[in-house]
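Each of the two complexes below includes chain A, the first together with chain B, the second together with chain C.
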Partner chain A sequence: MATQHSRTAARLMISPSVLLLLCWMIVPLAMTVYFSTLRYNLLMPGSNPFVGWENYQYFLTDPAFLTALVNTLLLVGGVLIITVIGGILLGMLLDQPMWGQGIVRILVIAPFFVMPTVSALVWKNMFMNPVNGLFAYLAEFLGLQPFDFLSQAPLLSIIGIVSWQWLPFATLILLTAMQSLDQEQLEAAEMDGAGAFSRFIYIVLPHLSRAVTVVILIQTIFLLSVFAEILVTTNGGPGNASTNLTYLVYAESLLRFDVGTGSAGGVVAIVLANIVAIFLMRMIGKNLDA
Partner chain B sequence: MSRAVTPQRKAFNTALAWLIGLLIFFPILWTVLTSFKTEAQAIADPPIWFNFNWTLENYFTVQERSNYFRHFWNSVVISVGSTVIGVAIAVPAAWAMAFVPGKQTKNLLMWMLSTKMLPPVGVLVPIYLIFRSVGLLDTKLGLVIVLTLINLPIIVWMLYTYFREIPVDILEAARMDGASLRNEVIYVLLPMAVPGIASTLLLNIILAWNEAFWTLNLTAAKAAPLTAFIASYSSPEGLFYAKLSAASTMAIAPILIMGWFSQKQLVRGLTFGAVK
Partner chain C sequence: MGRITLDQVTKSFGAVEVIPPLNLTIDEGEFVVFVGPSGCGKSTLLRLIAGLEDVSSGEIRIDREVATHLPPAKRGLAMVFQSYALYPHMSVRKNIAFPLKMAGMDKAEQDKRVDYAAGVLNLTDYLDRRPGQLSGGQRQRVAIGRAIVREPAAFLFDEPLSNLDAALRVGMRLEISELHERLKTTMIYVTHDQVEAMTMADKIVVLHAGVIEQVGSPLELYHTPRNKFVAGFIGSPKMNILEGPVAAQHNASAIGVRPEHLASSAESGTWEGRVGVSEHLGSDTFFHVHDTGLAETITVRASGEMPLRHGDRIFLTPDPDKIHRFDAEGLRMP
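Here is the complex of A and B:
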C-alpha cells in the first residue's frame, strides 16, 4: 500500500522528531567534546586556551575519579543484585494464588512512583536519622546502639534507598514475564518427579532469562545516572565516600565551575554508558524483528 | 491460569505476600501518617501509630511558608506541557513508521532509542551554558523543552508499539467501502489509536513529574517543580518531619494514583516493547 506519495508524506511526518533529536544529540555533545579540550573555568573569565588532553589527564588521574568509578560500580552492582534477586522471589510469590493479589501488587509497585527527592529525604530523615529516625527507635527497642547510616555507611545506605525505588520495577517486569510461562509445562515436570528447586532452575529461570537481561540493562542505564538521591542525602560525602561519576561531573562543572574538566568527565561518562547501551540496543533490536 | 492449591498453601501465600507488600509500602504509609501529626508527635518516643490528634495544620503551614502551590503548579505545567508537546510531535512520526514502514524504519527507531542512552551528565555543561546565555535558566519553558526532548524517544517508541498492533486490513476494508483518506483516519484509525495515545500520555506525565536531574540543575526558586522544591528540605528544614511529610504527601499522591492505573503500560513503555 506504500506509494511514492505516501512515502513522501511519511518522511514529512517523521522529520520533526528526527530533526529535534538530532539537534538535541549533536549540538550539546559536540560542545561537551569541544569544552573538554579547553582550559575553561567560569570563575576565571578571559580566553579559554586549547589544552588538548590536559583535562582528561587531570580528571582521570584525580584520586576522586577512581573512588567515583568504584562507587558507581558498587552502586549499580549492589542495586542490581538486590532488585533482581528480590524481584524474582517477589514475582514468584505474587504469581501464586492468594487473596487480595491486586492490592498487594499495588502496594509493591508504589515506591516506583515516588519522586527521587522525596524517597531519599524520607529515608534519610524519618528512618535513618540516628536520633529521631525509626531505625534508631528500633535499635533502642532491641537494646542496640543507634547507627548513623548516612555518615558511617553512606554508599550502602544509598544503595538501600535506590533499591527500594527500583525493586518494584524489577518485580513488575519479572512478574509479567512469569505470567506468560506455560503452567502445563510446570505441571508436566512435576508429574515427572521434578522437585520445586529443579523446576525453578530448569524451567522458570530459563524462561525469565530474557526479562532479567532487560531489567539489568534498563536499570543500569538509569542507575549510572543516580543523582538526586546523593544530592539530598550526603552531597557525595563524607569526603568522596558516596560520590558517583554523575555526581563528580556535576561537582566539577556546577560547584567548582570547571567547565573543561567537567566536560572531560562528561565524555568519560558517555563512553561508559555506551558500553552498556550497545548490549541493550542489540536485545531490543532483536525483538523488533520478531 | 492459577493452579489449584490447598487452602493452607493459599493462606500462607496470602500472609507472606501481604507482609512483604506492607513492609515495602510502609515508608509511604508512614509519611502520610506523619503528615497529619504535630511536630512533637512526629518524633515522639516511642513512635505513635494511629492514636494521635489528626491535624491538617502542616499542609497549611507548608503552603504559607513556601507558597507550595506555586511549585505544584510548576510541576503540572512542566510535566503535562512537555508530554503533550512530545506526543504531538511523536504521533505523526510513530504513525508513519507503523503504517508506512521503510527500509530505514528500524534503524531510525534504534537511533532514537540510542539518544535516550546518553547520560544526562554528559550534556549538562553545554545545556547549562546555553540556557544561561539565552535566559532559559529557572524558567518553566526551559524545562518543558528539555523534558520534551529527553522523553521524545520513549513517546515515539510507545506509540509505535501501539500503532503497530492496529490491523492494516481494516483500512483496506474501509477503503473498499468507499471511505476517503480523511474519513479513514477520523473514523477508523483514530478510535483504535486513542487508548495507546492515552497510555502514552499517562506514563510520560509520570516520568516527567518525577524527573530529578534536569529539574534540580536548571531551576532555582522561581520555576522549581516539586522535585527541586522538596530537595530544599535536605537542609535542617527536613528535620521538621511533619512538614516534610505533608510536602511529600502532596507531591507523590497524584502521581501514585495515576501510576496505579498505568501498571500495564509501565512494563511496555519502559522496556520498549521487549517485555509484554
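Here is the complex of A and C:
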C-alpha cells in the first residue's frame, strides 16, 4: 500500500473489524476488573459491595498463590524444554528418508488431534494407574514396586502428559524448518571439514532458531492456561502440588463460589502472562527479525 | 599436489546409469572445464570427485592416493556451489573462517588467512556483513574466499556464475582466471556455457550422457572436433551439419561448416538460399538462411555491413579447407 490514498482507504476498511475485536477483548476484561473489586460470592447473594483491593490482597497472600505461580512456571518451562528438544530430535529422525515415512509422520502428529481431556484420561487410567496401568504392569514385570505417578509426582506426570500433546506441534514446525534448509549448505559444511555434530551446531541449529522461537511463543500462550489435564487427573492435588494459576482461579470462583477473588486472580494471571510475554520477547524475539 | 585421476569410475542412481565407466586424468595446476548439455552428468561427476556422492565402482586417486572412500573433508578439495551455499547467520568473516575453525586452527592464523583472502577478493569492506546484505557477485566472491583459505589441492566449481547477470559474469570469469594464474592450483570448473569453457580452460572435457566425447584444449576442440556432437557443441553459433548429396560429394556421411567459414554474397556462390531472421550484433551479422535444399537452416556469419534483408536472395561459399567430414557413426574423418 504505497499511496496516501490507499493507506487511508485501508484504515477505513479494517476499522470495523478492529472495533469488533476491541469490544471482544475490552468488555470481558472490563467486567473481570470490575468484579475483582466487589465482594461477590455466589453463596451469599444480595448486595455486592465495593471492597477495593481486598480481593487482591486475599488472593496474593493466599499460600496457594505462590505454589500455583511456581507450578505454572515449572509446567510451562518443563513442557517447553521437553517439546523443543524432543521436537528437534524427532524432526531430525523424520527428516531421514525411511520406509513408511508418510504413515510414521501421521502417527507422530496424531496426539495433537486428541482432546486434552481424553488424552489426560487415557494417560491417567491406561498408563499411570498404579493397579491397572501399563506402567504398573511393566514395573511388576520387572519386579519393581508400581509407581503411583499422579499422587507421588503429580506435577511431573502432568508435564509428561502435556508434553506428549505438544510434542507433535513442535516436531511438525521444526521438521518443516529442517526441510527448508538448503542441502548445499550442509554439503558445503561437510567439505569445509565439519563433522555431523559440528554441522548440527553451526548450521542446523541456527537455521532452526526462528522456528524454535515460534514454537516457544505459541506454546507458552497455551501452556500458561493448561487446565483440562489437571482437572481430570489430579484436581490440582494432592494438596496444591499440581495447582497452576488457571486452576487456582477456577477453584476460587467455581469451587468456593467466590467470583470476586476469582476475578482478582484472573487479573493477576493476565498481568503475569504479560510479564512472561515481555520477558520472552526480550529474550528470543530478535530471532524473528529477518 | 593436485593431480586427480579417475579410473573406470561409474555412477548409478538405482537402475539408471548416469556415468558409464569413465577414465580421466587432471594434471597438477590445470584449469579443466567440464561442459555438456543439461543433465549430462557434469555435476554428478564433480560431486563424485568431491566425495559428496559415492562412486558405484571404479577408483578415484588424488595425488596418487586412493581417495575413493575418503570423506569429503579428507580429500583436501574445496568446492564452490552454484547457490553459493554461504552460511546465512554468520558474518562474511565467519563464513570464510569456517573451514579453518573446523580444522582447529588458532585464531591469529585464521584472521591472517581471512584478511589475505579478503584482500585478494576485494572483500575487506564487507567482512562484518551477513551474506544477505551482499550482492550476487560479492556472495560469489565470499564463496570463493571460503574455498581459498583452506589452500586446497584443487578447487571444484559447479556453475558458479550461472546466477549472475551477463556483465558480472564476464567480470567474474576474468577474476577466476586471474585467481588461477595467481594460485596455480588445479581447478575443475563445470559449466554448460561454452563461452566460459573456451575462454577459461586449459583443457575442456566435453560430456554427453555421462560419456566423455572429447578432451582437449579449446582450440583443439574447435579445429578438430572428434565427432558431430563436439562439433555442434563447441563454437557459437553452432556448426552447420549438412547431410545427403552434398556430403556425398565430399565422400562423407555428413559435413560440417562453421558459420564463420562461409562466405556470403548477394550475387554468386556455391549454394543459394533465402535470408530468414538476421541477428545484428554490430560488428557481425548472423543470417539464418533457408531454402538451400541442404538443410532446414544454415547459419552464416557476415560482416555487420552486409545489406541483406528478410526474404533476400543470398549465395554461400564454404571455405574448402575448413570443411569437417564425418562418417556414418558421426566420427571425424581425416
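As a working rule, the second predicted complex is superposed on the first by the 254 of 290 C-alpha atoms of A that agree within 3 Å, B and C clash if a C-alpha of one lies under 4 Å from a C-alpha of the other, contacts with A are read in each partner's own complex, and residues count from 1 in each chain.
One rule holds in what follows: contacts are C-beta pairs under 8 Å (C-beta built on N, C-alpha and C of every residue); 3 or more make two chains touch, one makes a residue touch a chain.
Fair warning: this is a prediction, and the values are worked out from it, not measured in the lab.
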Contacts for A:Glu187 in the overlay, against chain B (first) and chain C (second): which applies, first, second, both or neither?
both
Under the stated touch criterion, which partner chain does A:Ala273 make contact with: chain B (first), chain C (second), both, or neither?
first
Touching partner for A:His207 - first (chain B), second (chain C), both, neither
second
Which partner does A:Ile109 contact after superposing on A: first (chain B), second (chain C), both, neither?
first
In this superposed model, does chain C or chain B come into contact with more residues of chain A?
B
Looking at the overlay, does A:Ile85 come into contact with chain B only (first), chain C only (second), both, or neither?
neither
Show which residues of chain A both chain B and chain C reach, each in its own complex.
187
Hey, which residues of chain A end up touching chain B in the complex?
1-2, 6-7, 9-11, 13-14, 16-18, 20-21, 24-25, 27-29, 31-32, 35, 90, 93-94, 96-101, 103-119, 121-127, 129, 132, 134, 137, 140-141, 164, 167-169, 172-173, 176-177, 179, 183, 186-187, 210-211, 214, 218, 221, 224-225, 227-228, 231-233, 245-246, 249-250, 253-254, 259, 262-263, 265-267, 269-270, 272-274, 276-277, 280-281, 283-285, 287-289
Which bits of chain C are touching chain A when the two form their complex?
50-52, 71-73, 77-79, 81-83, 85-90, 98-99, 102-103, 146, 150
Name, in rising order, each residue of chain A that touches chain C in their complex.
182, 184-185, 187-195, 198, 202-203, 206-207, 209
Complex interface listing, chain B residues touching chain A
1-3, 5, 9-10, 13-14, 16-18, 20-22, 24-25, 27-28, 30-31, 34, 43, 45-47, 89-90, 92-93, 95-97, 99-102, 106, 108-110, 112-130, 149-150, 152-153, 156, 168, 171-172, 206, 209-210, 212-213, 216-217, 226-228, 230-231, 233-234, 238-239, 241, 244-245, 248, 251-252, 255-256, 258-260, 263, 266-267, 270-276
